[in-house]
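The following block contains the structure, expressed as structure tokens.
Chain naming follows the written order as A, B, C and D, and within any one chain the residues start at number 1.
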Amino acid sequence: MELTDEFKRIGIRLRQEGLIGAVFGNLSVRGDDGFFITRAGSYLDDPGSLVIVPFSGPMPPEASSEFRLHREVYRKTPHHAIVHAHPPHAVAISLVRDEIIPRDSEGEMFCPSIRVVEGRPGSDEMAANVADALSLSGAVIVRGHGTFAGAKTLDEAYSLTSSVEHSCRVLFLLHSWEDRRL
Amino acid sequence: MELTDEFKRIGIRLRQEGLIGAVFGNLSVRGDDGFFITRAGSYLDDPGSLVIVPFSGPMPPEASSEFRLHREVYRKTPHHAIVHAHPPHAVAISLVRDEIIPRDSEGEMFCPSIRVVEGRPGSDEMAANVADALSLSGAVIVRGHGTFAGAKTLDEAYSLTSSVEHSCRVLFLLHSWEDRRL
Amino acid sequence: MELTDEFKRIGIRLRQEGLIGAVFGNLSVRGDDGFFITRAGSYLDDPGSLVIVPFSGPMPPEASSEFRLHREVYRKTPHHAIVHAHPPHAVAISLVRDEIIPRDSEGEMFCPSIRVVEGRPGSDEMAANVADALSLSGAVIVRGHGTFAGAKTLDEAYSLTSSVEHSCRVLFLLHSWEDRRL
Amino acid sequence: MELTDEFKRIGIRLRQEGLIGAVFGNLSVRGDDGFFITRAGSYLDDPGSLVIVPFSGPMPPEASSEFRLHREVYRKTPHHAIVHAHPPHAVAISLVRDEIIPRDSEGEMFCPSIRVVEGRPGSDEMAANVADALSLSGAVIVRGHGTFAGAKTLDEAYSLTSSVEHSCRVLFLLHSWEDRRL
């Protein structure tokens, strides 16, 4: 099935760039009556069969534990694809900032302001906060947890994720350099 | 043989994530009368044939030099698989802390407290300390040496290892950021 | 076509070394009446078909958005190949320095002084500044944006890019170490 | 030819671990009347045909520019294989220390003291200094340049290189952490 290959292709790129580790992170794509999402506990670079989750009603038990969040994003925003990753610099900076302002030119162009929102992984609160943020922007960070990016395609949502981590890494490098000169 | 492929698959992931370098680290899985372990000096991503070590009695000389530790863990704990790696941030933080408290949400969920124990690599002391720690928790760090994770499967033990290193890396980033603001 | 394989081979290396992420960066090679460049939004490690851009006259719409810069470099300099990447340490250091003086021996040999120039991505200003810099040197950094390297071949331009990032990374490590001793 | 495959296998590992970038670094193995070395400007993970260099007499022009150093090591020491790499933490620390004392347990076991020596790349001075150091130890760092490791096999010399970089990386992490507590 072609969609599975798409998921796997993006999962491999996320892995190669160090944006996810082990079984962490998940991916989804909007369908007609629901959305396709990676299985709970699957490796994104080797996701196996996908799970179809309806926009309302009971959940298939094998879907990723973040299904609530993905559903809420598809209900509240026009995004067609979602990438959730655990990039280390984005996770770390979210613990010390409420909003991230990139200083590299890609960040300024694609995500000039990245919001940090609260919420326990898997909770309705996190789902609502992320869906709100993604109705205004392509990317958001859940404090201490990871990035969520929404876009027209998985490729675009992955590129946003890569750009957010690049911006956060540059901010850490700048912070370490500039502080020394004081 | 299927088990060898399992070991190799996990070894490749450990290497891709930078959790091991060169011939460092080792893997084992519990069997009926003993356990299967990687050979001394083998590359975990290309382990070749495994060595069977009985739960008691003489050791095959080609087994990994950490066999004592693996045997002790299988004797004292219910774990079915062990992953030993040398992740740089976990090794470094173990030299300055006796207990590690993750601040990222995965760390809080899977390893809310990571103990640091003492012991010379290969020694009975290290074997006892690691087995004690792994009877209470899924992961432990031997000071200056590396991580040991125990779980039901190699996949789970590898995921714990990845999560511990992610938590330690986030702690280093936070430490460098926060200190500057003082 | 052989040239496409060349581009792909270099794109894979840039990616493996972490010098580019996602769809960022672009590559070109001089031809007889114009130059070959990667498509807008393509992955450099899987670039698909290349675009031919004439040295003057209208631009094919599918060419990389940085085409103005590549054209200007081919007009003003003798370089035969250009590599544009987004290496994190080079991008970060360009935000705090106007000129970078490597302290590692490869940097001293291949790029003893790396200039930092200004310019909005895609602008004529950036194109002019980069072309001026590459008429004097093999590599330049656009502030907050990324590296541009020009050389006889893609292999050489990639090696320069790798060397610049290595030098910048070493400078960050040195800066963090030395400052502590004060 | 089998030896070429050996070189390539080690080159791929060096590349995957980030111990070399682009065309930097070189490898050699002792033969009967001379030694086999990678070509000047070759990628170690795709080295192509090797060059045979006699222990005395004229040099084949296509040999790596570091041939003097390799020859001197084979003359003065019993090593059978040499790995030269450019690991970023080892290069950086060599600019601020004359001797490196690892604090991780692998470093303490395999390279309890790593000397830093002087010399311009390609010079007789560097060749003599490295050969002297490798007659006492398995690994040495040329200041600002890179590591040289000598051993019975390429696998062992690569493992030493990996261990040295791991130790230097841990030292940088420790230095950044500990200094903050003052």
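One rule holds for everything that comes next: contacts are C-beta pairs under 8 Å (C-beta built on N, C-alpha and C of every residue); 3 or more make two chains touch, one makes a residue touch a chain.
Keep in mind it's a predicted model, so treat the numbers as computed, not measured.
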Using the touch definition from the top, list the chains contacting both subunit A and subunit B.
none
Subunit B and subunit D are the same sequence; what rotation (0 to 180°, nearest 5) superposes their CA atoms?
90
Which chain maximises the distance between its CA centroid and that of subunit B?
C
Taking all residue numbers used at the subunit A/subunit C interface, answer same if over half belong to both copies and different if under half do.
different
Gap in Å, rounded to a whole number, between the CA centres of subunit C and subunit A:
29
Centre-to-centre distance between subunit D and subunit A (centres being mean Cα positions), rounded to whole Å:
40
Please list all residues of subunit A that touch 2 or more other chains.
16, 18, 176
When you draw the chains as points and link the ones that touch, which shape shows up: line, ring, star, complete, or other?
ring
If you go through all the chains, which pairs of them touch?
A-B, A-C, B-D, C-D
Using the touch definition from the top, list the residues of subunit B that touch subunit A in their complex.
13, 16-18, 103-106, 108-109, 155, 158-159, 161-163, 165-166, 169-170, 173-174, 176-178, 180
What does subunit C use to touch subunit A in their complex?
15-16, 18, 21-24, 43, 86, 88-89, 91-93, 95-96, 120-121, 142, 144-146, 172, 175-176, 179
